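The structures come next, written out as structure tokens.
Below are two complexes that have chain A in common, paired first with chain B and then with chain C.
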Partner chain A sequence: MFMEILGIIIILMALRTLIAQDRAERMLYLNAMGFAISALIVLYIQTPFGAIMAITYFIASTLSSNAIAYSIGRVKKEILVK
Partner chain B sequence: MNEVLGIIIAAIICWFNFVLIDTWMGLPENPGVKGAEVIGRAVKKRGGSLAGGFFQGNIVCSPDASAGTLLASVGSYAIGIPEGGLIAATLVYFGNRLCADPGYAGTTGALSITLIIYLTSMVGMKPEFYIVGMVLAIITIQGLAHPTASRLLGKLAQKMGRHTKMT
Partner chain C sequence: MLEWINLTTVSAAVLLIGMVGIITLPKPVDKVIMLAILQGGFIGTIVAAKYLDVAMAAAIFDPIATIIFLIGITKIQDIRNQKHEEEEGNLA
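Here is the complex of A and B:
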């Protein structure tokens, strides 16, 4: 039951990421997804190594979010495919 | 304990744990890292509060008490009840330092939830309730409606005397 709840949350957040209009708004949904994915990793791999993987995944994802959010402030226009 | 009831109780405990520690540590006051300021201003542009926006931006950009709460529950679930939380707190501290953050909020959050998990395990609360509960708690801040959540966080920051002085 735990994994089903987390799966539904991930799908909902993924859909909201797709329909978001603002790049900064997208980062917030991706962060919420990161929380759920890291929880899913440890509930699937129920060993101490699974916990280390989940922790490393989450910390690395916040590091890259920091870099992306920093560059959002510098890039003026989003390049869109027409 | 009943699973649904356990998850709801854990979600409420996690929400108060990370929101109170993060506000107390001054997350709404100023953007600790550069990326947080960009996200805070974008939330304000969409009708939210700047202090709440900085709070949300800080959660995205570095592992704060919210990450500490999740990762200490993860450690307690897979490694063991006190030692897993302590390992998670150490790793969160490393992550904070990599993001050039002081790192007190993340480690305080991890240590406090480890203590809470240890105490509530005596009444039948399992660490997996806290894992799912924390995900539900973060959804209320980051996943439903950002301007509304940021206004709530801004009001809380004002009550605790941690509202931002930036405009």
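Here is the complex of A and C:
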């Protein structure tokens, strides 16, 4: 039951990240999706190494989101791909 | 009814959503955000095939790739602004 709920949360958050207009909103949904993916990993692999893998992915996705959030306000006029 | 929702299908859906986002969104930082989503789907796909060591290596190296992309975006922005100011100075 938990895996279905988490899967629905992940797909919903990914779609909302794609659709959202504001960039700060996009970061919020990205974080929620990362937490749900690490929970789904630790429910799918029910061994200690699965727990270590989920912890690693949790830390890595938080670091990546933090790096993106730090550079959001720094880029002013962006170069668009035509 | 909901048995088809497991790690494999969810990761594949997340990969496809990230791919569509990278292709359609025009701004570079949005592209990097969608790349972070695609990395999540990629790691989920590797874990669904139970290659946990490969998944751990991918999870460790993904933030490094994101940080290198962000450094490139901000640096090319600075260089282009600097060149623009120099050209304006020459004209004046």
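Heads up, the rule we're going with is that the second predicted complex is superposed on the first by the 76 of 82 C-alpha atoms of A that agree within 3 Å, B and C clash if a C-alpha of one lies under 4 Å from a C-alpha of the other, contacts with A are read in each partner's own complex, and residues count from 1 in each chain.
The definition used in the following text is that a contact is a pair of C-beta atoms (placed from the backbone, for glycine too) under 8 Å apart; a residue touches a chain by one contact, two chains touch by 3 or more.
As the structure is a computational prediction, the values presented were derived from the model and not from experiment.
Undergrad: May I ask you to decide whether A:Ala32 touches chain B, chain C, both, or neither, giving the answer as first, second, both or neither?
TA: Touch partner of A:Ala32: chain B, not chain C.
Undergrad: Once chain A of both complexes is superposed, is A:Tyr57 in touch with chain B (first), chain C (second), both, or neither?
TA: second
Undergrad: Looking at A:Tyr44, would you say it contacts chain B, chain C, both, or neither? Reply first, second, both or neither.
TA: A:Tyr44 contacts chain C only, not chain B.
Undergrad: Give one of first, second, both or neither to describe whether A:Ser65 is in contact with chain B, with chain C, with both, or with none.
TA: both
Undergrad: Would you check which partner chain A:Gly73 touches, where first means chain B only, second means chain C only, and both and neither mean what they say?
TA: first
Undergrad: Where does A:Ile8 make contact in the superposed view: on chain B (first), on chain C (second), on both, or on neither?
TA: So A:Ile8 only meets chain C here.
Undergrad: Find the residues of chain A that appear in the contact set with chain B and again in the contact set with chain C.
TA: Correct list for chain A: 23, 27, 45, 50, 52, 56, 63, 65, 67-68, 72.
Undergrad: Spell out the residues on chain A that touch chain C in their complex, using ranges where they run on.
TA: My answer: residues 3-4, 7-8, 10-11, 14-15, 17-18, 23, 26-27, 30, 33-34, 37, 40-41, 44-45, 49-50, 52-53, 56-57, 60-61, 63-65, 67-68, 71-72, 74-81.
Undergrad: Once bound in the complex, which stretches of chain A touch chain B?
TA: 1-2, 5-6, 9, 12-13, 16, 22-25, 27-29, 31-32, 35-36, 38-39, 42-43, 45-48, 50-52, 54-56, 58-59, 62-63, 65-70, 72-73
Undergrad: Note which residues of chain C are touching chain A in the complex, please.
TA: Of all residues in chain C, those touching chain A are 2, 5-7, 9-10, 13-14, 17-18, 20-21, 26-30, 32-34, 36-37, 39-40, 43-44, 47-48, 50, 52, 55-56, 59-60, 62-63, 66-67, 70, 73-74, 76-77, 80-81.
Undergrad: Touching residues of chain B toward chain A in the complex: what are they?
TA: 3, 7, 33-39, 42-43, 46, 56-57, 59-63, 66-67, 70-71, 74-75, 77-79, 84, 87-88, 91-92, 94-95, 98-99, 128, 131-132, 134-136, 138-139, 142-143, 146
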